[in-house]
Structures are given as structure tokens and as C-alpha cells.
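Heads up, the next two complexes both have subunit A, just with different partners, subunit B and then subunit C.
Let's turn to the complex of A and B:
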């Protein structure tokens, strides 16, 4: 059943693949992405840190869009779960966002995925203590 | 219309392609210039690149102008591309679905969104349909209802437009 939603996302033109990460940045599921797992974890951590920056200011972020290594990354955040899509040409971003919203609502009902996400739950602000800020993160911090 | 390849054109519908003669390797480009260069592919117009890059058309035009000066890009198409127009039945369907979700204000919400985007039902380009749905979604307060609407419309897009 869950696979149906991953396929839906992957069928959006321009999408290379999709992955799910926990609140600690652990990759729970990877569908079609040929990038090494440690690099995917780096991306997940970066997204979590961005979300944590906003969380520090009591602002909730539900979506992050990034440009990384000539690829577009669109991430939906919810309930200790990141749904991350990697695209080479997000020409139809609005369609992708709609597909992600609908898919995420179904994935959040999947017991197996939610159990894994719960097992990796973490205080968002803890993420900020891991590693160092990059230039873009510092610039983002200065803007909020 | 003859194409003057030596002249930079800044109209938003103009399409550029990467130069076959000159490559960007070895050049010291800024990250924004690299980003725009990756979107230059003989398909995306200036305004489409701006949308993808979440930048203003003027900013993208300025960057493209720099890339053009470096000889990295050239004009591919300067004529406006013909747009596919949404069938009238689409608006009947969207109104029906939205009325079920938010009630009798649905037609007014759709009209408001169309007016915000300077579009009309009779000439709405089909490639902007998902954008229209997102804008309508912004008017739905309840998250569950929002997802329900998106889900219904997604099925419609898949069946009718993709």
C-alpha cells in the first residue's frame, strides 16, 4: 500500500526518487535514489537543522525547498518524519507539492513507518547541537 | 521572423539553450549563475526558469545576460509558445468538488483565484492547473479538507491531463 504512494511521487515528471528519514536523520526508506546513503543522511540532517532553526523561534516549517548539487530537493516535514523528493527539473513543482501532500497524509497512517519514526524521535533543538552551520544556514539564521 | 543570435532578448517568453561551442568549465561563476545555467535547456523560458528558481524575472534576466555575454548560452526560440487551454468541463468539475468541501462559496473562491492570477475560465493554460489548485487550497482552512480536495483533484489531473 505504501509503495503505491512512492510510485505516485516517482511518476511525477522530473522526480529522480524519494526517501523517508526520521527525526534523527536516519533513512527509513529509499525509493529510486542512487545517491550514497551517507550523503542522503547529510541532506536529511541539513533539512532537520533548517527546521530546527525555525523551531527555535517557535515557527513551524512544513515544507523546505533546497538546491543541492544541481538537484532540487523538496521536503515535507511532519510528525518526526521527513518525506524528501529529489528532482532534476522541478518544472511542475505545484503538481509535485500536491502529490507530496496527499502521499504524506497516507504515509502518516502507515503503522510500520510511524513506528520507525517514533523509535527515532528527538527534540528538534538537539539537532542544532550536531555539527557546524554552513554559510547558507548562517544566512538563514540571520534572516529570522 | 529572422533570429539575430548576437542580440540578447529579455522578453519573459524567450527560450535559451546552452552553447555548443563554449562550456562553463574553468569559468568562475557564482552559485546563482550555475543554478540558472542548469535550467537553460532549450525548453524553459525565462519566466519558467524564474518560477523554478523562485527568483524574480528581472534577476534571472540579468544572470542570463551575463551568461550570454560569456557566450555560454544562445537564443533557441523567441516566439511565444502556444498554450493548451483547459476544457470548460474542468471548472464544472472543480466547482462541484469544492462545493462539497467548502459549501456554496466555492464558485466565488474560484473566481477570486482566477482574478488574482489574471486568468479566465475560458483561457486558462492547462500547464498551470496544479498552481490553480494550490491557490484554491490556500482558501481551505481545515487541513483534512485541504488534503481531500488535493486528492480528488490529483486523480482528475492524472486521468485528464497527464
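Let's turn to the complex of A and C:
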């Protein structure tokens, strides 16, 4: 059943791949992204840290998008889950957004996915307090 | 009935021109950052201006440098005193001349950029930040809105993410927090953050921002940390 929603996203023209990660950055499912799992985990962690900055100010981030000239990363965040999609066509963004919203709502109802997400859940406030940080990151975090 | 608005939408020279050409007897009040300014019109001329601590022509020239601020035009209000004798057209010419020169100064470097960005529908606040997280310049922030959400840290995460992916830095980062959409890009080696209305779509506003920024946006390499060339996947 879950695979249906990943296929749905993957079928949007221009989508190169999609992955889902827990609130701790653990990769729960990867569809079509051909990079090492630890690198994918690192990507998820960076996105979580971006979001955590807002949590410190009592704001919840529900979407992070990164744009290159011919490439986009769209990350949807909800209930300890990150749904990250990579696509290469700006024309499909409206369609992709709708597909992602629908797929995410179904993924959030999937018991297996949610169980994994719960098992890897972390207090959002701990994301910026635990883990490896460079001096540059620590310096900027001290501004909070 | 008073005419109320923001200088973001109607520029001050247009307001002056309108009131003078219509021969209005009116008082134009402007408020920005808790500072108040007043311009009085009488018989088709500007007769008095105040902008703390300035009075007369200098006050008017200072007011002309504002690219945003709430304004109100009230009809049939007489000036308390006459401090300006110069014709309105000469005042505007001199004011624009002074403005052009002042923009060469460091403190006004980003005036035009912010002015252009604020004309984009949905843009509420613009801020220029360096990679240490220090605010270089910003537009006026209205009450209740959120301050810099640590843009430098967000962009550092984006940079580190790209290092992992062996890719160049993204051109834009957009974050939706439910209340606002934050849009971050590079400008002359700094980070440019725009706080926008939540309804704004990134792909719609991106070309408008690129146009407002102009070729300066290309000057972003100085902020790169370990930039790598190559494909993402």
C-alpha cells in the first residue's frame, strides 16, 4: 500500500527520487535515489536542523525547498516524518505539491511507517543539542 | 475623508505631485519606525515640512529618502508656520538629486534593492545578513512579526548538505513555517532573506526576486564554504 504512494510521486514527470526519513534522520524508505544511505541520512539531518531553528522560536516548519537552476528538493515535514523529493523540472511543481500533500496524508496513516517514525522519534528541541556540530555551527547556534 | 496608505505602494514624490497639482490644502503625515514627518500643502505648493529633528526643506529631503512608511493625507489643514518658499517641482528635483548622491553612501547601499523587493506582492520584510549572522541592513519590521530566524545557520546547513551531495549551493532556499514563507538567497556575498505572506508560492515569486536582485545575485561565490562543482545525483 505504501509503495503505491511512492510510485504515485515517482510517476510525476521530472521526479528523480523520493525518500522518507524519521525525525531523527533515519531513512525509512528510499525510492530511486542512488546515493549511499549515510549520505541520505546526512541530508535528512541537515533538513531537520533547518527546521529545528524554527522550533526554538515555537514555530513549526512544514516545508523546506531548495532550488538550483534545473533541480529542486522539496521536503515536507509532519509528525516526525520527512518526505523528501528530488525533481528536475520546474514546470511540474504545482502538480508535485498536490501529489506530495495527498501522499503524505496517506503515509501518515500507514501503521508500519508511523511505527518506525515513532521508534525513531526525538524531541525536536534536542536536534540542535545532540550530534556533531562544527565550530561554525556552534558559533551561529550561540546566537539563538 | 483622509487618504491612508503606505509609501511602499505610492511613492512620496507622487503624493507631493498629486497634492500640488490639485492645489490641495492638506497635511501629509508619515510614520516610520516611530518617527513622524509632516508635509503641508497650500495653494499648489509645499509650504512646510517637519521630520524630527529637521524642519523646512531639509526635512522634506529626508522624507523623500523613505521607501516605506504609513502615510495619511488630511484635507483642509493649515500649516502652523511657513518654512518653504521653493516651488514644489524644484524641491522634488533637488530632493531626487540629493537622494542619488546619498545612495552612494554605505548606509544607503541597499536602498534601491529593498525598494524593488518590497514592491513584490507578498513581501513583508527584507533583511541582509552576513555569514556570521550579523544583520547588515533591513527594512522596517511591523509589530508582531518574527525576527531573523538564524538565516546564517540555515544556509550553513544547506551548504553542508551540498558538500555531502557534491553539489554547488542552491540558488534559493524557501521555508514555510505556517505563519510565513521565508525565502533566502545570496546577494553580494551575503544572505538576503525575504519574509513573505504564507500564500506566496516559491516558484511564482522566484523569477520576480531574481529580476529585483539583478546581476548582483551572481556575486554569491564569496560566501561559499567548500563549494564543489558537480552533479547532485
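Basically, the second predicted complex is superposed on the first by the 123 of 144 C-alpha atoms of A that agree within 3 Å, B and C clash if a C-alpha of one lies under 4 Å from a C-alpha of the other, contacts with A are read in each partner's own complex, and residues count from 1 in each chain.
By definition in this document, a contact is a pair of C-beta atoms (placed from the backbone, for glycine too) under 8 Å apart; a residue touches a chain by one contact, two chains touch by 3 or more.
Predicted model only: the values in this text are computed from it and were never measured.
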Partner chain in contact with A:16 - subunit B first, subunit C second, else both or neither:
second
Just checking: does A:43 make contact with subunit B only, subunit C only, both, or neither of them? Give me first, second, both or neither.
second
Looking at A:93, would you say it contacts subunit B, subunit C, both, or neither? Reply first, second, both or neither.
both
If you stack the two complexes on chain A, which partner ends up touching A:33: first (subunit B), second (subunit C), both, or neither?
second
One more residue to check, A:105. First (subunit B), second (subunit C), both or neither?
first
Counting residues of subunit A in contact, which comes out ahead: subunit B or subunit C?
C
May I ask you to decide whether A:67 touches subunit B, subunit C, both, or neither, giving the answer as first, second, both or neither?
both
After superposition on chain A, the subunit A residues reached by both subunit B and subunit C are 65, 67, 90, 93-94
List of subunit B residues in touch with subunit A within their complex:
34-35, 38-39, 41, 44, 48, 51-54, 127, 130-131, 133-134, 137, 146-147, 150-151, 153-154, 157
Counting only contacts in the complex, subunit A reaches subunit B at residues 65, 67, 70, 72, 89-95, 97-99, 101-102, 105
Report the residues of subunit C in contact with subunit A in the complex, numbered from low to high.
132-133, 146, 149-150, 152-154, 156-158, 160-161, 164-165, 167-168, 170-179, 201-203, 206, 225, 232-233
Where on subunit A is subunit C touching in the complex?
16-17, 33-35, 39, 42-43, 46-47, 49-51, 53-54, 57, 59-69, 71, 73, 86, 90, 93-94, 134, 136-137, 139-141, 143-144
